[in-house]
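Here come two complexes built around subunit A, the first alongside subunit B, the second alongside subunit C.
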Partner chain A sequence: MAIGVRKQTSDASGDARLSYARPLLRGVMLFFLLAFLLLWLKSYDERALMLAVIVPVIIYIGVQGIPRLFPADRLLLSLTNFLCALGVLVLYRLSPERGLQQAVNFGVGVAAMLICTVAVRYIRGWKGIVLLLVPASIGLLALPLLYGTEVYGAKNWVTIAGFGFQPSELVKLSLIVILSWLLSRRKVALSILVTGVCLGLLMLQKDLGTALLYYGVALLAIWAATDSGLLLALGCVGAGGAGVLGYRMFAHVKRRVAVWLNPWSDRQGSGYQIVQGLIAIANGGLFGTGLGLGNPGVIPASYNDYIFAVICHEFGVLFGIVVLLFFLALIMRGISIARQSDSVFHSLLALCCTALIGLQTFVIVGGNIKLIPLTGVTLPFISYGGTSLVSSMCLIGFLQGVAARNTAQLAEAEKRARFEEERP
Partner chain B sequence: MPEEAYEILSLFMRYVFLLLGIAAVLRAFRWLYREHRVHKRQLKRLPDAGYVGELTVPDTGKHWPLPAEGTLGSGAGCDIRVKGKGLRRLHCTFRYVKGRGLEVTPVRGAETLLDRAAARPGRYALSGSTIEAGQCLFEVRLFAGMHAPKRAAADEDERWMDLFFDESIGQDPLDPFAGNAIPQPNIAGLEDDPFADPRYDGETAPEPDDEPVEDDDDFI
Partner chain C sequence: MKSLRANIWKIAILLTALFILLIAYGAYSLTTYGSRWFSTSANTYLRSAKQNVIPGDVQDVNGVTLLTANVAEDENGETTWSRVWPADQTLRQSVVHVLGDSQNNVSNGVEAFMANYLYGFEATFPERLGSFLSGQTRRGDSLTLTIDSALCRQITEWIAQDEALPDDVRGAVVVMNWQTGAVLAEMSFPSFDPLSSRSYRNDAGQPYFNRAIQGKYAPGSTFKIVTAAGILASPELRSQSFTCSGILRMDASGAHDITDAGTRLAEGQVVSHGQLDLQTAFRVSCNNAFAYAAWQLGDEQLKKTAQAFGFDDNFLFRDIVLENSAYPGADRSDWEIAMTGIGQSGLLLTPMHLCLIASAIANNGVMMEPRLLERAETAAGAERLHFTSAVYRTPLTDPDTIHSLRSYMYDVVNTAGGTGRAASLIGWRVCGKTGSAEIDGQENTNAWFTGFIDSEKAPYSVAILLEDVGGGGTYAAPLAQKIFKYLTAQVK
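Our next item is the complex of A and B:
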């Protein structure tokens, strides 16, 4: 097997010396304290002052308090908290109501993360859960086809009792668990079948961005579990074929590709969003226009799809690169956790979570800077949206759970070694 | 605040934010690097970490550390790679199940015998068991010390529990959080076990807990 059965080593970050956690924590807390104070000075809005106190306190509690109560990796927590708080800050700058709502979503996300951490750390038998998750996922994905509402060309939103959510965001989590479990039991054909059904339902909803994420993660997981270059090559060829097929079948895909190739041809119409995004990034330059001094509101969906362009606009391209480096650190930590696990299921779970975060970031940032055609996915942890934030936090929860397992296993190996040393 | 003053302050703060961001990300990468070093150091210090036993060739004494899950075969992608007659590129998969032993599942058509009977899911190799893959003979040694004569009890049909608790025999089936995920040295009845790991012979094995590990890193 390509991954999974590696010697586990420390997850020392769950127990890292505070000398490493504290400077990072101090820097992050100071950043948000100053940023919210600056926003308060602009409008003397008391809510900004409140957030200037609450956000750093939440970050402190999140990084220092949670690991005392739950098994958690401090580095992952620090990175995640920074990105989530940045989302709250940027959204507050765009619209104070959205910023406050995102802060509430962040709280819900932390609770969801803790539940996922405990679940992955302590649940042993996943077979029954997977058996339940398969029909539930397919049912959830079929829901928008029956009761869904169309947003930006994709029929992927469902509103139940006034509460709107994207089932594909929740199924993302269950698909990762299903794929990891099936592949850990070497049921490759079944995992391909389940992924195929999910992709088919997403294609019917015309939610191609999410379909791309599902496909990429499934392909990576299958390759990692089987080490089969043939399957990987077939998957890549299949992706290319599906891309061509999607281009021919869906008019809005054709439009998006045309706009991507030359947004200036219709800069007041279909190319407006991309053009405004590019202008915003260019206008920000290396150091940005300054927090509160830019005009990011002109970008359509600035709080969601184009939030990275907003960051580059007000904080500068250099800061945008710093944000991407935070994502890179998160991905490196995720891969490290996946490699340290001694269980194939948990390794694959950590790998899939990491791949999903990485791929999603690449897809949306690439779309913002016109590297690839824009698809409607969110920037993990930062974009506005409760379902998106909670599902991203759940992914971190899965990673935390695997990291906690690694720590416990290392503790066991330590005890075994000590036991041997103490023997007469 | 007057707009001009705010503008000057905000333009100045751009650099502060950038510096704080760079400092934070550098600290994060330094933390990652330090983790990597601790990882390597601990691998050196705990060569058995992550393994549940070893697979040996009785005639030659050659041995391979046995991970909790993995594959055996002659292919490069296998966790235990052995060149031998009749051994396929991917010959069988194995999985350690706490309290039961090592479950060996041959890939379709690959001849694999476990204690001279056909290996199949639900049969477990214990310490001292033999695995014949093609024409290669291996002996299993488990740190947990479960020994072959207890096979009858371990092979009982307890698979109804697999649905939810496939790795938790001996624990409370109603409590999904019971027990510990770590393979435990089980020394019960080792005195009579000629195949048991001698390191735990006659001793009380340490009980696991979730206490964080103190590392001895002096990298800082």
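Our next item is the complex of A and C:
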């Protein structure tokens, strides 16, 4: 059996990659060291000094140490570490308590990522897991409807034993696994049914942003797996129809669109958040007001939905673009991992993770800059929130697992090829 | 598997396209609207940053200081400042709408819209570093405006002294240089004194409102300049003659008659101009002829002409935040279209936009961008920015049309029977157009006059609006004459 050995781009084999990876790593560490030192100079709060040491060290260990113990993609690690650390930095600047909490969330996220990596790398029988995940997901999504608390108009929070979380963030992960597995087994109708039930439950919670993400990812995954232009067209028409119907039927959707079209007409009321976000970005200009020198606190939900506007405000629009390019690099890495996999399930899994991160970033950043109506989703890795960060890290974990599997497959193929050669 | 890999590529392209869209849209909206977002009164960052910078002075084009800062030290040794206005109250009232007040009662005055200069946001990094090292409070840039404050003061006095006008007259005056776009006066009445602005808060006349750039009004007969431009562009219509019987019946019922009500007539009386060509119709401002011609021209063509003059455009001038002018929407009755031809029926523009239209006729069909900023200077005396004129758009290119419009407007002021005779000035070619716009619920018409001096030695244009007083020829044109007289006296 002759297997074409495709050129390996993961770092496991490429030492050449390290030649620019190392200066990049040093630059990132220096960036965070200086940033936290600046914040310390502003407040003389020793917690900033502590983070100035800890964050670069964690980044170093994360990028250099983890690949030694676990099968991991170093580029993916560097990118996520940078984005997460940026979140800790910006949140610490907004409120030290939130920043420290986010640092803890980050640690939990890394652990979750490693678990997911190992799971995807080594689990072979997914059938039983998927059969368990389907009822679990639907049950989780139904929870907020029964016991939920309302936050910003959406009833999507659940508090169990004093520990609050968003089930929709966790179901995101299980839905991706379910979808990928069903589609890899060509169970298209079933996958549409499961997605439909989840979407219905999300609609009932009025969590439109997350529903939009589920829909987009499911549509892309179904199209990629079936290659059916008809389903894609139907999906797009359906989304458009649902949008028009929602606009006609629900006053709050109409209001949200009106606010998006002209937030300035009610800039002290319903348009306040969008207007303050735009003003904050304009205040920053190309180079920003400088870390700690702006007033990002005036934007409602600055630490969460509007964190991208805060970044543009204090670091400047150029830096905002760089952050977007970091996300884009992460997406490209995810795409290449998805393409390298020789299993449909793993390929789809990697694709869904990548598409989800990409779409979610687009939806929230687009809302911040008034390209599309604002929906309350988080900016992956950066926004404040344990559930959000952990679920984003799990997505990376899935990607890592698929990448590790790719590497192992490749090594095996190489070994086999060598064995064939050596045979007389 | 193969199609899956191919589709993954397509999704990669889609995601990349989305990110490029984000960056492109962000860059576009920030470069287009960024300065407007920045200077809005809702910007709390700007408000707090103002405390740490001593603002620059503002002077008019002749070097008269309009705003300066009084710097003091408080008991903690911190530098504080307060805005100082001229001692002359009439002068303060004449320029307060251009300058804006520190309480932000006036939107988009120089104090707010040019805060990036006045409060030092344009300072370069070495400048900021220099003031940081020296330990002194930073100073913003000083501005020289194109405004002629002495002229503004005169206009306030002329209006106050005019026996024919009520004391609390509402209106606006814009004076421009039609060659460069420099704004000499941008005034709104009634005005208020910035030093006691709170006491004006409940005034019925809304003194904070800047009618010159924020007030949207029916242009009335002044819009006939645009209608005429449309007619002149049509080879069939430009040479036809009209028969004015005094009443233009738009439908059989007679419910939509268009009369020549420039002067109010007793019940049943009718003014008729008889047989007349376009030039005469323009001079006597015949509603019948223009309504009929507009209907012949059609909504589409008239709209196109109006849009060439800037209607429906999103004005994004560098120095001035001008409200957009609106041409009415589609699907209208014949009567409505005919009424649009004489500047009624849903048409809305600002006095400054009207001044731009007249300026374009004067300037060979080229409309200049209105500008307020003559010069910006750093605290150290270095020049940050110098006035440059720029073309905003070119509504007219045909020399015949431009020449005809100019001679029509000349006739209005200088020929027997012209409605704008009161604006004429011996020794100068004054061109203009009057307007008397009927407004629902108002006893009198809004008086309009717009015009210019057809001379490169005194390239000035005006737009005058006086609300609820009567005919434009009677009330607004005389003020234009005074303004032109004042300006030409300085030339000789």
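Here is the rule we go by: the second predicted complex is superposed on the first by the 403 of 424 C-alpha atoms of A that agree within 3 Å, B and C clash if a C-alpha of one lies under 4 Å from a C-alpha of the other, contacts with A are read in each partner's own complex, and residues count from 1 in each chain.
Convention: contacts are C-beta pairs under 8 Å (C-beta built on N, C-alpha and C of every residue); 3 or more make two chains touch, one makes a residue touch a chain.
What you are looking at is a predicted structure, and each value in this text was computed from that prediction instead of being measured.
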{"item": "First, second, both or neither for A:82, with subunit B first and subunit C second", "value": "first"}
{"item": "Partner chain in contact with A:41 - subunit B first, subunit C second, else both or neither", "value": "first"}
{"item": "First, second, both or neither for A:332, with subunit B first and subunit C second", "value": "both"}
{"item": "Contacts of A:413 with subunit B and subunit C, given as first, second, both or neither", "value": "first"}
{"item": "Contacts of A:127 with subunit B and subunit C, given as first, second, both or neither", "value": "first"}
{"item": "Comparison of subunit B and subunit C by subunit A residues contacted", "value": "B"}
{"item": "Contacts of A:224 with subunit B and subunit C, given as first, second, both or neither", "value": "second"}
{"item": "Partner chain(s) touched by A:344 [first = subunit B, second = subunit C, both, neither]", "value": "both"}
{"item": "Common ground on subunit A, meaning residues reached by subunit C in one complex and by subunit B in the other", "value": "227, 332, 342, 344"}
{"item": "Residue ranges of subunit C touching subunit A (in the complex, touch as defined)", "value": "1, 3-5, 7-9, 11-12, 14-16, 18-19, 21-23, 25-27, 29-30, 33-35, 37-38, 40, 42-46, 48"}
{"item": "Residue ranges of subunit A touching subunit C (in the complex, touch as defined)", "value": "220, 223-225, 227, 267-268, 275-276, 278-283, 285, 289, 294-295, 298, 317, 320-321, 324, 327-328, 331-332, 335, 338-339, 342, 344, 347-348, 351, 354-355, 358-359, 361-362, 365-366, 369-371"}
{"item": "Contact set on subunit A toward subunit B in their complex", "value": "1-2, 4-10, 12-17, 19-20, 23-24, 27-28, 30-31, 34-35, 38, 41-42, 44, 71, 75, 78-79, 82, 118, 121-125, 127-129, 131, 184, 186, 226-227, 287-288, 290-293, 315-316, 318-319, 322-323, 325-326, 329, 332-333, 336, 340, 342-344, 404-405, 407-420, 423"}
{"item": "Interface residues, subunit B side, partner subunit A - complex", "value": "1, 6-7, 9-11, 13-18, 20-25, 27-32, 34-36, 38-40, 42-43, 45-46, 48-51, 67-71, 77-79, 93, 143, 161-168, 176-177, 179-185, 199-200, 203, 205-215, 217, 220"}
